[in-house]
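Two complexes follow with chain A in common, the first pairing it with chain B and the second with chain C.
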Partner chain A sequence: MRAFLQRFGEREALLALGCVVSGLVFSILSPYFATPDNLLTIARNSTELLLIGLGMTLLLGIGGIDVSVGSVLGLAAIGIGRLLEAGAPPALAALAGPVAGLALGVVTAFVVIFGRIPAIVATLGLLGVYRAGIFLALGGSWLSGLPTGLTNLLAARVFGLPVSVLVIALAYGAIFIAVRLTPFGAHLLAIGNSEARARLAGIGVRRVQVAAFVISGGLCGLAASFYVATYRNVEMTIGATLALEAVAAVVLGGTAVTGGRISLLGTAFGVILLRLLQNGLLLVGAPSLWQPVLTGLLLLLVLGAEALSRRLPLERLRQSAVGAAWRTGAR
Partner chain B sequence: MRPRVSPILAILGLMWVVVVAGLAVLKPTAIALSTVTAVLQFSTILALVALGQALVIVCGGAGIDISVGGMVSLAVVLAMLLMKAGLPGVLLPVSCLAIGLALGLVNGFLVTRLRLLPLIATLGTFYVYSGAAVALTGGAAQSGVPGFLLPWGRGAVRGLPLPFLTLALPVFVAAGVVLHATSWGRWIYGMGFNERSARLVGIPVDRVRLTAYGASGALAGCAALVSLAWLGGGRPNIGQNLELTSLTAAMLGGIGIFGGKGGVFGVLAAVLLLVTLQTGLLQLNVNTVWQVGIVGTILLIVLLIDNLALIRRTS
Partner chain C sequence: MHTHSKVALLAATLLAVGSSFALAADKKVAFVPQIIGIPYFDAMEAGGKEAAAKFGVDFIYQGPVDTNPVDQMQIVQNLIDQGVNAVAVSVLDASSIAPVVEAAKAKHVALFTSDSDAPKSGRALYVAQATDEGLGDAIIDEMVKRVGEDAKIGIVSGEATASNLNAWIGFMQARAKAKYPKLKLLEPQFAGGTAQRAAQIATDLMTANPDLKGLIGVASTTCPGVGQAIETAGKIGKVIGTGYCSPNTARAYLKSGSFGYSVLWDPKELGYLTVWAGKQLIDGKEIPATTTPDGMSHPVTYDAKTGILLLGEPAVFTAQNVDNYKF
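Coming up: the complex of A and B.
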């Protein structure tokens, strides 16, 4: 068990446990929580954040960040919406999302890497530019009541699984393979640890950085396809909270913001825990206005507890009499 | 380490002239004393918050304060709720400041004691503060600011708004003096420039950083007070987008994102430029969402020009 845990990683295990425990608590408190419909809703609400979080994991891994991801999703969603309005085939519209995302990812990469501006500042500037772009493209009104073609396409089932589940599994699988089995992963983490040393070691630093930003952009665009398929409208404030939520979920998952350590599984668990808590608290009657407070507290509690456990002499506590009593009691 | 005019400030000055000249050509009626008053009135809140942001960034160690807007909102809301709970109205300025300071110290505690990365710690408190401000009020504006504050908040002397004249300007002068003429100020630059060396020579890095976050909170509290006195009510979303605009102002003002670089008067100049630009665009009936885009573009262009100059110098 211990060996398994160590392989699995303590953080991932903690988050999985958090999901299970909070799931149990909510199903006791609310009869509506543990219904297939509601669990499907949670999965549905997690789709975009799972994809965006995956890209954000890579970005944080190289010591970067992108606070404009929500606006990239928004711009891609507008492109998809306009295509649907113009009567384009749904498959084309679905593909337009990732393509638009990739293109915007190239722009972001260009500004950050070739402009030599720190990622947080550069993407903050881009956030403003993209937001204005969304306003311009929407012309002050919403896209609503879009044709159902894309919705039907992405609601289809392949081998009995919803398309969204397959796409997410494929995306995580592909990135996992790239990170674990190709030099890309090692290069990514090396850059995150120290860009200067990675450069000295002969790693094509810029190529890896560009790749991370472009992949992240593509995933945002992919998320946009699912967004439009589900909601069939695009409003001005689309994706406004996504960037912060993505950073929160990824950091919860054990990825180091300073770079050099990533966990794809942790990101997935972080997103699911976040959405599960948001859903559950709503069902037990907590006003939805408190949701951001919860997100922030969760982030601070998990990281704070980790920081404290690093500082406290836990080993000594475990060996002391009190610790022994607690251990026996716990069993 | 002699202070010199940074290229960014020169670019900003040039831009300011262009904006004012453009406005004079496109809408000559806008060049009036009332416009100056409006610009300074709008500038006051941003200037106070951006100063706090700048202090935190100059301290280095990846310092940043995402929660500034949340602190302003929550200070406004808590101060009004405290007053409704029976705190005398005379104490409103004090409670604004104290609440801001306390919220800022929470950030400082998370960063210096728990050693959380500032971006993440203040991201967490941003959610908590701004969320709590909306949740505690249900999103409704809180009215009932004591009458004695309004003449101060809305008054002007020779076209200069009182909050700007009596709060923002003195605070900036004080910050400038503290940063350049006291050991505390020199410590900030020292630790921002090279934290390891700063620790080795005995600068109390953690304590200075804690103070900087506290100062950022207290300044957010001041901004909250200004907004209350000016608007006559507390809006729970008053701090919205301040994290972005204050960061933009700090960057435009020549504060180096890696710490140890930049001065407070650059920040003030950047705030005045940004607000002049926004007011000018408003006069020309340009939508506010556009302004975000223009602010973002200016930020990127100025930084690109600055970097190009740097690259040329080093090569």
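Coming up: the complex of A and C.
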């Protein structure tokens, strides 16, 4: 178990355990929780946040953030919706999402990096601009009941797996390879630890930052394609909660808000845990007002425990003989 | 002397011409929406124009480009300064309207509210679209017509803090209790402001309650979520969706059958009634307790004590009539 934990990473294991335990509790309390249909529903509900969270992981990794991700999804979704309304082929509409997202990612990168504005301020500004853009593009009337072409396209199965599962696996796989097997990952974390030192070390800081924002934009656009396929609707407030949910899931997953440490697997588990809790709490009949409370408490608990463990002399304890005994005993 | 009399004559003529112009010119009724460029207020504008043509007044439609209360009050002030005779406002911020009410009184301009009220501001009257009670009753009555009284109904609302949504839910529950004791309304679930979360909640409600017969989307943003969830779950015909949403928002779901009906009011009629009310105020006519304004198909009620002129029963949109509406 200990070896497993070490290889797996403690936070990821903790979250996986959290998913399993809460899943067990929910299936005891509700006969409808552990059914194939419901588990599929949880997976479907997680799709967009899994993609957006992946981008957010990279952004937090370089010590950045983007609070406008929901609006980027919204703008891309309008583009996709308009194409579908105009009778464009679904494949074209599906591609329009990531293309629009990449373009908006370039805009965000430009404003943040070349405007030399702190990411949280710059993207807060962009959030306002993009929201106004969504309003103007929709003109007060939403896109509702869009044609089902895209829905059918993305509901298709390849090698027996839903397209969404494949796309998510590919996206996580590609980023994993980039982070682990190319200098990109080391550079990313170096910038997150200290931008100044990374620059002194000769790292192309701007290049890495631009890449992170553009990748995040592209993933938001990709999420928009799945969003439109699933909900076939674009309303004025589209994606309003996604930025906060993404940050919550990513931080829950063990990525440091201050940069310099990321966990892709942790992000995936963080997203699934959030969506699982939302679904399970409703199924067991908890009032929906409790759901954000619980999410908030969970976040505080995890981060609080982490802060506490850093303050307690646990490391020294662990290194001592007593500590080693305690550690093996406790686990 | 000669020149002087000429000047005097000229002045007198000008004065006469001027005043005769003023007499001949139509009275002006203005309406200031919360925002311009959205279908809802476009429909009110269309109704206002129709009434203006019918009752022989000039209709001015001006509003802010975003829902900014300061901009809105500035527009109202400008209209008062321009010398309109009556101005109706769909109030964005009830607490900031007092100064323009004073300004209007000083210039003898009839200032009244329509669509959104500021009850304690001293406005002349309020043209109301529907009562909270009327809306609550209508959605429950229409649901029972379709699924019967012995049924379980889920409620998906928006923000838990929205007072209008909570009032509607309160009247739904009261109606069910008073008239349909067998009807079971589930505890309302709050989706916040997005259709995505509403769809997730609607799906979960159907999972947790396989015997669910109806789903009510209380906030307009929850309507598409409820409709889409019923379609995705393959429960068209088994679960009747509905909500307080405009025909444009509900159209696709009404046509697919995931929505049985949608309840709201007709903003075009509301705009028509607004201009009619402005004309009554300019003419100084008392509005009777019940009356059918020229050009309207149904009576409206007026409560002189509260100053509320009520458009009437909410409108029910179905797959059959939805294409007659464009908002």
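Points worth noting:
What we mean here is this: the second predicted complex is superposed on the first by the 311 of 331 C-alpha atoms of A that agree within 3 Å, B and C clash if a C-alpha of one lies under 4 Å from a C-alpha of the other, contacts with A are read in each partner's own complex, and residues count from 1 in each chain.
Basically, a contact is a pair of C-beta atoms (placed from the backbone, for glycine too) under 8 Å apart; a residue touches a chain by one contact, two chains touch by 3 or more.
Source: prediction; values computed, not measured.
Annotation: superposed three-chain arrangement on chain A; chain B versus chain C shows a clash. Once the two complexes are laid over each other on the shared chain, residue contacts for A:G296 go to chain B alone; chain C is not touched. By the touch criterion stated above, A:P287 is placed in contact with chain B and with chain C alike.
Of the two partner chains placed around the shared chain by superposition, chain C is the only one that A:I238 touches, whereas chain B remains out of contact.
After overlaying the two complexes on the shared chain, residue contacts for A:W142 are found with chain C alone; chain B is out of touch.
Looking at the shared chain after the overlay, A:V165 reaches neither chain B nor chain C.
Once the two complexes are overlaid on the shared chain, A:A248 sits against chain B while remaining clear of chain C. Applying the stated contact rule after C-alpha superposition, one finds that A:V129 touches chain B and leaves chain C untouched. When the shared chain is aligned, no partner comes close enough to touch A:V106: not chain B, not chain C. When the two structures are aligned on the shared chain, A:A88 is found in touch with neither chain B nor chain C. Steric collision with chain C, judged by C-alpha atoms after aligning on chain A, is confined to one stretch of chain B among 188-196, 224-232 or 278-286, namely 278-286. Contacts of chain A with chain B, set against its contacts with chain C after fitting on chain A, overlap at residues 132, 135, 140, 236, 287, 289.
Note for the complex: chain A touches chain C at residues 30, 32, 35, 37-38, 41, 45, 48, 132, 135, 139-142, 144-146, 227, 230-233, 235-241, 278-279, 282-283, 285, 287-289. Those residues of chain C lying in contact with chain A across their complex are 35, 37-41, 66, 160, 187, 189-197, 199-201, 203-205, 207-208, 210, 221, 223-225, 227-228, 232, 248-253, 255-256, 327.
The residues of chain B lying in touch with chain A in their complex are 62, 64, 110, 114-117, 119-121, 123-132, 134-135, 138-139, 244, 247-248, 251, 257-258, 287, 289-290, 292-297, 299-300, 303-304, 307, 311. Against chain B, the residues of chain A that register as touching in their complex are 65, 111, 115-118, 120-122, 124-129, 131-133, 135-136, 140, 236, 244, 247-248, 251, 257-258, 287, 289-297, 299-300, 303-304, 307-308.
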